[in-house]
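Next come two complexes, and both contain chain A; in the first it sits with chain B, in the second with chain C.
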Partner chain A sequence: MQTLREQIGRVPVWTQTLIVGGALLAFIPVLSEFQLSLFTEMLIMGLFALSLNIVLGYGGMVSFGHAAFYGVGGYTLAIATTRLGVPVLLAMAIAPFVSALMGFIIGWFAVRRANLYFSILTLAFGQLVYLLVFQARDITKGDDGIQGLPVPDFLEGIVPYFIFTVGVVMVCFVLMRHLVQTPFMLTLKATRENAERAQFIGVDVRQQQLMAFVMGAFFAGVAGVLMAQHNRFVTVDMLFWTTSAEPLLACLLGGMYTLTGPLFGGALLMLLEVVTLRFTSYWSLLLGIITIMLVLVAPKGVLGWLKRS
Partner chain B sequence: MAKTLLAVRGLYKAFGGIQTAHDLNLYVDEGELVAVIGANGAGKSTLFNMLSGYLRPDEGEVFLSERRITGKSPQALVKLGMGRSFQQANVFLRLSVYENVQTAVLAHLGQARNLWRKLHGWHEVDEATERILQDTGLGGMAQRLAGELSLGDQKRLEVGLVLASKPKLMLLDEPTAGMSPEETAQTVTLIQQLAQSYGMSLLFTEHDMKVVFGVAQRIYVLHQGRIIAEGTPESIAHNPQVQAVYLGQEETG
Partner chain C sequence: MPIESVVVQILVGVASGMILFIVSAGLSLIFGVLRVINFAHGSLYMLGAFLATSISMWLVDSGLGFLGALLLAPLLVALLGVVLEAGLFRRIYAQEHLLQLLLTFGLTLVVADLVRVLWGGEIRRLPLPEWLEGSIRLEFLGGRRFRTYDIVLIGVGVVMALGLWGLLTRTAWGRTIRATVDNPEMVSALGVNINTVYTGVFALGCWLAGLGGVLIAARSSVALGMDAQMIIQTFAVVVIGGLGSFLGALLGALMIGIVVSVGTLYPQIAPFSQALPFVVMALVLIVRPYGLLGKAER
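Showing the complex of A and B:
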């Protein structure tokens, strides 16, 4: 196992990612539009889970407010394009930075507390953002959401958008893969393991955690933008706390101490959801059972579980 | 005369009316190995916590190389040349031994937030890491998880983490607590060697009197938050007051 991993590890990450991306694109001719759309959503959920994993897996901080950054990404795109007339591509590029800014503001407060208090703060801030968007009807149309997001010509249609999504998720993945190999991430893991010791080797723990939080928010913003553009609408559900639970479960499902685990976890979760909902409306029930099984049988996620056995 | 590295003047600390530090005055010269002894509850940990920035003293001042450091944060103190170990080995359990030291080396180089450079093939960091692993005798277990090491090895690793910041003063809180006699002997030799080769001063607490009298050049005796005696190991061993409140207690208890 180790040697195979080492062999794979010698292939440059760009090549690896291109192979996977190429394989995904090769499915295009054989998949129906519904299936392609599902694949798109799976990739986006995978990216959303990856973004949380920076905070959760590497940082050891359980955030219950990650939907805020996903939703802010989507809403920034929607408001900028439908209300302010910003060109779509420019709005798509700016929105993740707005999410990151929001991450900085919320994170600045949240990293001042650890463990449960951190989680509660993120939950509270997340819900606060939800309520603000819900109430500001003049700008956000409240619970109606914003429909009819404009689409640039080259993204018109299921296939081009699928290709676009594959590309964006690939770039994000390569960036994260790079991050994992940097001093920043190693130090972040050290703060996760032992914040006290990290402090006593000279690490500013809060700054390290805040940076991770902002990065997580940025990538969640990218996922939010992708989903908004895919649906061509945004609703306040994107910001609700149950949306924060989805990437959390995806990280559990895929394994939060691995880089790729959450990507698979997110994709799998989305697949299960869509497939289950075709046959029964008891998706939440199944989700509950999956969660219980995961925590009891495979707390390190499916990938972690496979590695062990 | 050697230069004074650490100077502590009139430290007071009370917790809910109980004085755990009462007018503490002490110093450590450059290159000196100094022990603080005292029974449980004598105030050794409080003293260490105040020196390392964990606790803020109610009154009094601490100077490191003539610079006032009272109330500075632990991470600031590390940069000024103070490192510490804890009574319970305090390492990064789910990181490898190598990564443990590497993290400390990166922090010392001010690279903890570097997002651009890859760790792999960074010679300066690798060299510093490997040197510390060798100096602490952990070279053979570099790839093992810190959590898998024996307690003695974990404590040595913790010393390695402290070394990475190239401290002028190392505070060691019971460096041999929970160790077998064999491990204790090894650790004592190691600490003495490291203090010399890294040119560090040492301020340590210890329960094992053999270690104290074997390592320390000077000893402070704490009792109920006060320093009741100070001197060379010999003078402390023969001090009647110390024998009465501390050494006697040790023999009977």
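Showing the complex of A and C:
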């Protein structure tokens, strides 16, 4: 007797993703512009959380500086289009690679140390990027942020942008899903479970971790580009450590050892943020309280917790 | 660049490095005994600074604003530390690192917003008493001036370093702490209440963070965001010096203080002086991945 789960598992990932994506698009006629915009943001946060999960869930590396790559993606797009006159689409395509390059630089240092030190280093380097962007007013306009990002004609308007976001997130999801089944990801999981043993059987642990870190940075860059383009502005908040906390919390909320969990966790968190900010500006306070409660009450993640009971 | 200017900047760097040392020593001490990295350590430092400004306002008529703040604010922070340890941290010692870090990170976010609610976003200062204002002439450096308060800071730093060293190596409580680091079960089996040791060490670490906050409040401005600024600097210190090492914390803090201070002499570097600690940290990571005084872990 097959369970429903197993039956769903037989359907190819592409088809599954297309069905979900199609279902999302079917909502367009019934949703208001505000709701569509909210859905877009939820999807982007979901992608951001998925990108961290490559590092956190599969690599077992607790990064507290993931906002750096999200923000660098957004800022690359903003600076390239508004100051350097790079065509929008080209800038959108390049930006994630700049994030990946940043991931390589920070990761090169961070993977030299394991566990706690890795967390310390990612947080320190993440905040360093924030400080540099904050202080380099000539280029980044500091805490004013950069406004007025140009939008290509075909993405003008909320509905086309929503469709575009659904498409990009779907492609990224499928890419990540395939990555999970590659020998690379399996090796990475092995390093997560026992780095010493992995090393004994000939795995270059640091190199594996660095590659995972760079991949995570790349997809975080994609999320940053999507968000910057959606808002048509970037601010230093994108790089601040509160932003690093959000995907972490999303992974915890959704369950970090699952593939789809972080996507839902991220979407849920974004919904909560948007709703909260309509009533009060103390989002950071609420985020902190949720984090503390989650750690004390449901450390395996709400989804993982529901699954068990 | 005249050599006298550089020497003065080095002294200024030692003074600011001492504050960094006091805060980092607290973080390092808590890690050494409890094995938890407290991301909220910078928040406790910020609380110390904000409390100090309030206490000094409250005591302004008596003329004891600064001394009152210096005595009371770190104590209040230590008291909060007792509550936090007993209420939150004690539940997570056995948990994996991720959960410990997330808990303290959550605390950071909570404190940041609470400070915003309680004190608001305006920039504050802790006024110095008259006898600490002003500066002295250093004749041997061509008559260059050096702030009196900075001399006091260097003194306080030396006293704290010696005091902590004495506490850990020359007192019964220090022996218990060192024994706890080596083997908590054994210490517990010998009839020592381990929980009290943990609470005490945590409170002492928080007291140091609060003290650092008061000391900085009288030197530069008190504002939101100082928590993040400090925690990443202390992280740079412990990466440079090695976590859990007092001497390492002192060395790392002085290095960072001096490099940042001397960096301000050069107009090309000055705007990015905040980044200098991480340049030092990165260099140390390349040369000695486990810190200057650290040992390879596991």
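Convention: the second predicted complex is superposed on the first by the 297 of 309 C-alpha atoms of A that agree within 3 Å, B and C clash if a C-alpha of one lies under 4 Å from a C-alpha of the other, contacts with A are read in each partner's own complex, and residues count from 1 in each chain.
Following the convention adopted for this analysis, a contact is a pair of C-beta atoms (placed from the backbone, for glycine too) under 8 Å apart; a residue touches a chain by one contact, two chains touch by 3 or more.
As the structure is a prediction and not an experimental result, all values here were calculated from the model.
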{"item": "Overlay on chain A: chain C relative to chain B, clash or fit", "value": "fit"}
{"item": "Partner chain(s) touched by A:Ala212 [first = chain B, second = chain C, both, neither]", "value": "neither"}
{"item": "Partner chain in contact with A:Asp204 - chain B first, chain C second, else both or neither", "value": "first"}
{"item": "Superposition-derived comparison: chain B or chain C, residues of chain A touched", "value": "C"}
{"item": "Touched partner set for A:Phe184, first chain B, second chain C, both or neither", "value": "first"}
{"item": "Chain B versus chain C as contact partner of A:Ile44, first or second or both or neither", "value": "neither"}
{"item": "Partner chain(s) touched by A:Leu128 [first = chain B, second = chain C, both, neither]", "value": "second"}
{"item": "Partner chain(s) touched by A:Cys172 [first = chain B, second = chain C, both, neither]", "value": "neither"}
{"item": "Superposed arrangement (fit on chain A Cα atoms) - minimum chain B/chain C Cα distance in Å", "value": "11"}
{"item": "Intersection of chain A interface sets (partners chain B, chain C)", "value": "196"}
{"item": "Residue ranges of chain B touching chain A (in the complex, touch as defined)", "value": "52, 73-75, 78-79, 83-84, 86, 90-95, 99-100, 102-104, 106-108, 111-120, 158, 161-162, 164-165"}
{"item": "Of chain C, residues touching chain A in the complex", "value": "37, 39, 88, 91-92, 95, 97-99, 101-103, 105-114, 116-117, 228, 231-232, 235-236, 238-239, 243, 271-272, 274-275, 278, 281-282, 285, 289-290, 297-298"}
{"item": "Contact set on chain A toward chain C in their complex", "value": "56, 62, 64, 109, 112-117, 119-121, 123-125, 127-128, 131-132, 135-136, 196, 240-242, 245, 248-249, 252, 282, 284-285, 287-292, 294-296, 299"}
{"item": "Residues of chain A that touch chain B when the two form their complex", "value": "178-179, 181-184, 186-187, 189-190, 193-194, 196-205, 207-208, 211"}
